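These notes open a run of structures that come right after.
Look for chain A in each of the two complexes below; its partner is chain B in the first and chain C in the second.
This part shows the complex of A and B:
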């Protein structure tokens, strides 16, 4: 039974990473980037993708050295057991918080755009329950599901975006490179928050069928995500203008809502982005549930994974029920990114690589 | 097995259905919304006790499903509801309260602004903000201006075309991309234009004999429905500057504006001569701007390329020669340049309204000049020289089918 198989292929890993990145960032990214770079936002997104590429390389290199080790055992070997356990708990708590916030944002958008009268807890609980079930079924289950749904949803979205490009006024992207370097840097830093969740690269190697191919595969996935996100940002700005994009809470949805396809079967193209985003959020929820539970299980060293998943789900749902506005959620996510995410994605891999070199342990 | 069947049953119960379900017959699909500055009148919905705060009159037009019979389109098929309130959203809520159906605004096709509201900067800005904020309102909705009160225009009996929102939707669909006063303006573009250059334009809709429709019917032999449908007219455009109405352009002046906008497809320009009319139908038109500096002021060269054909001609027995075609083309070039200059004079000199969005174009195309002139754009724009350079290419004399 494939649901009992915990190993996934590099292709499946790529699909999951793309979904994770999109789920975390695509809805709000153009606005965040345009707030700093105006019409240069697409360049900011490209540069943020380059930063994410560097983080990916660092983390995948660490994982490659310890392909069979869990995060707890790897950090314990390199930085001592107590430090390893502390880091694992910290990462698990961060995952729970970011998953709760993502769920909160998801329910907010869903309620405002589609299901106004549905209570927040129903949306969050439904998504949480589905995510938990998939997480409990093992790593490959969600990978297979993502692999099947990904092309079905991504292709229509891409086609609609291509058609949107025909209606866009690309002169809205001019003048190019007019953003001061300081704003550009801040924009890149803030926008790279859209790539949060990449720290999970440190945890995935034991689940890869071919750990050697993980780094290359993830780099390719990041390039694909970065280029696609820059394209979507560019088209959104070309269609709405930079000023308008900074005022919209969810500019991509607005832009899709404006597309007028002649002879179109679907009147509301924003539903396509929504369906892609729902799948992405599902990927984010089950991934973060899976890994947060795993981290706690590895730290404690006993108990069933499923029980930890239930406990984590309860914590995530409590966070998602907090009455936080989209702006506040965004603020907390940015804070999380600039502290814990950067720590786990950039500082920790460098520390681990340095420790591996000094202690002369780990693969080549 | 029992366990699985139970799970399947529970799943069927929990995962089907919809919390937000509203039956179709319980939905009030609004097709047009009219916005007026408040003027006291009885018979409208209002929040009793707060009448002194009323600022807006909002009118919503919905199809009346109960009265729609097969092939029987009449004024009974529309339901018009108006409400007075301090805010646009408050008035919409009142209309919702006053209706047995749940108001659904996402299918609204047209937003009609009355002159009284367009003249009030604060109220216009607030109403626009309400429209932009509302998740229920489509930003693709057409914006139309009216010299008459919007509630009056929307309530007018129009046999054959009872609902203006549907009429405008079909009109733009069938005249899609057409030029002259056929241009369309949507909510998103209006907001974006006002934010970037502080100026926008809206087509003006008029209904002939709005107050006395019966007089019109009596004076004609035509069928009433034809007569009434033909009373709806687009007569030009309203120019909005800094969130207030700067003035109106008539149809020819609007075309003068649209040459620079580059959307004059299907427009017909006619040159009256001593014994003949030279009409040209525009097949395609496009404009490009080039900014420079001249004598300490901005200069904008507008290159307009028009492709057209002679629509009709008496020919006096001879076909139109190539030389003659060139003479015609040169005459059209002069006429088009004249239209542009006249409209530019009104917009630039009289109203100081940058309806062409030259400021945005300058920002995109020439950042050096923008830095020099963009800060005090008002005076830079007024003193800017607009030089139209029109090139007309007549591709056919219309003599061969």
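This part shows the complex of A and C:
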């Protein structure tokens, strides 16, 4: 029989992580990477994926030591209860801000490509409501939903990019390794922002059916995501050229619009592909809503998860309604990554591992 | 409890069955000197008169009279003497509980009250007019058995027993309905069913508290985990071969008296896409048909919504030639596209409902009226465009391609939800509503099993269930039973011994 304890398999965890990372980062990634590395952008993305792998390893190692503990109880055990609660609230607020901005960006893209006359708040409210409904159904439901959406999101994108690869001019990727090391470093740093959301690895161990398999599973998922994102970046640059990619706000979408699907019935496949972005944004929204509400619930220590989801959704919608340009949203996201994301993904795991070592708490 | 006084027991019975004109009762003297009194009671037409007269009354009134038992036996233990040698039928039992006796009478048994005994004799004489086993109406196949379940519970259990000649096939019988006292039987293979599923099914069936069960559909609804969902969580079939296949898979068949349909639990979306015939023909063609069914299921829920989203909000997606044709066809239509589709779809639903309720020969006429006259007339009058008729007709045909009508009902309701959301928000509304329906489906469970298994959580059974999902693998490759079976008995086909 199946359990009713909200536990999920490692395979489901992998699917959830790939969808989240892919949905959150891919639209902006080629532009960000190309801004620093030009035709070497795909190398930057690969290196950023390596950085993400290191973060994944660190966070999964922390989670492995405390497989049954929530984020709040784990940080409370290692760094004291007040610090644990402060960190949980900070992470929840970061998730809300990040989700609000992602929703805002999504509504801008959607309005640019498909629904020019639809107000921003209608788009955000619709996506938020759908995400909240799934988040309220629990972690198992989210995992199963991700398994259904995985082929629906990735297959069309892969088909489109394979076709794009046939018409791409790969000489646009030459010469390789021509980017100065400083720019390369900055590019890797900024591009690893595409992997934001990885910090949630600190929260997922209590939901894993086999916590000891989480680290390996997540590393595999990150390798898959990294290679896929590097391929997409490389093909986009090969097709459009590095200069064009940096000029476009959403080069991936631009490139999709140029592709001729053989025997296609549909005239504008960028609108069709956007349909699949709706699905991936949904994956991001319901994930961040679920965890932000969970963090608040664990911090307060009482109340139903669904009530916290409603409160978080209200906050996310307020942020997404703010009159921010795409450029401004990008700036805030970069700032978020440079400060809080790096803090939660790199600094905090090292701190927690050190504290566990010093205080001799946690498993092997 | 019964009294030792026959008159007191008769008075009590007649009080209880006051104004029940169908109760047949008679006080009969038996024995050589006709000095022993018994009282017989049964409901007219609920019993088999032949059994009663030949095997019960004849021995009692003639044979006992001709070869009387020993007088000392009659004096000391009249009841047991009659039970042991008074009837030429095997199904005889005693009871002193009036409620149980009255239930027996109402169920078609004959009850004998004996003077001086605080118990009465219940003789199984059930037999009422019923139709025999006939061909299935709702799940027709080209190849395979044609018989269908009937309204008789015993006939239904027999139809499954005839197919599974295994002592491990158990028939657990219960009574549900405070007034109807409907006989309900749970059939399962003792070693193949998961004990937790059996326990949970029994608990849910026993917890049904209702005055009457008039069809097995009552049970299917009352044991569902999510009672708000429009999607069925228990499978209903009238085919004994399908029910037997379910039993072999470790599932439980629930059959209720007076219902020609049985309930099968647990059920997942995948089981609703399977037809009995899928396993009677080659895997290649059946895999193709299975795939078509899934596509039909998706189209039956999504097609009108998708059409509205694209035609109203994103016409630029449609090739120029087609959009000109569509615009030309819609030129004289006075209604917006959404209303046009809604009108046609509701008309289609009405015609379908009318076709179902009408007697057989007339229902064909409704099809002609609907398809030819209403459709063509509406197009010619400029009320709807031909493309709207095509979309609605295609949606309807897709619904008919799904083997289980209960799933079609869920998809039909989802269709309207998706249609309305698409009409309001275009492709965003379409996807948002599809995601909501999907979220609902993935959160559904049937007796603990995820509704979308094995599309989700398939790894639990090492993806073995995928062999009978979108495609149907060759029978020789389906060596394991589905997830429903007890893991200790999950192998249904052993490797052939070599050499």
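Note that in this section the second predicted complex is superposed on the first by the 351 of 364 C-alpha atoms of A that agree within 3 Å, B and C clash if a C-alpha of one lies under 4 Å from a C-alpha of the other, contacts with A are read in each partner's own complex, and residues count from 1 in each chain.
We adopt the following convention: a residue touches a chain if its C-beta (ideal position, glycine included) is under 8 Å from a C-beta of that chain, and two chains touch if they have at least 3 such contacts.
Since this is a predicted model, take the numbers as computed values, not measurements.
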{"item": "Touching partner for A:116 - first (chain B), second (chain C), both, neither", "value": "first"}
{"item": "More chain A residues in contact - chain B or chain C", "value": "C"}
{"item": "Touched partner set for A:254, first chain B, second chain C, both or neither", "value": "first"}
{"item": "Touching partner for A:278 - first (chain B), second (chain C), both, neither", "value": "second"}
{"item": "Partner chain in contact with A:141 - chain B first, chain C second, else both or neither", "value": "second"}
{"item": "Touched partner set for A:175, first chain B, second chain C, both or neither", "value": "first"}
{"item": "First, second, both or neither for A:12, with chain B first and chain C second", "value": "second"}
{"item": "Which of chain B and chain C A:244 touches, first, second, both or neither", "value": "first"}
{"item": "Touching both chain C and chain B, counted on chain A across the two superposed complexes", "value": "114-115, 118, 122"}
{"item": "Chain C partner contacts - residues on chain A that touch it in the complex", "value": "1-2, 4, 9, 11-12, 110, 114-115, 118, 122-123, 126-127, 129-130, 133-134, 137-138, 141, 143-145, 147-148, 265-268, 271-272, 274-275, 278-279, 282"}
{"item": "Of all residues in chain A, those that touch chain B in their complex", "value": "112-119, 122, 171-172, 174-175, 178, 240-241, 243-244, 247, 254, 257-258, 260"}
{"item": "Complex contacts: residues of chain B adjacent to chain A", "value": "18-20, 135, 138-140, 186, 188, 191-192, 195-196, 361, 363-365, 367"}
{"item": "Residues on chain C engaged by chain A in the complex (per definition of touch)", "value": "194, 196-197, 313-314, 316-320, 425-429, 431-432, 435-436, 438-439, 442-443, 445, 448-450, 452, 455-460"}
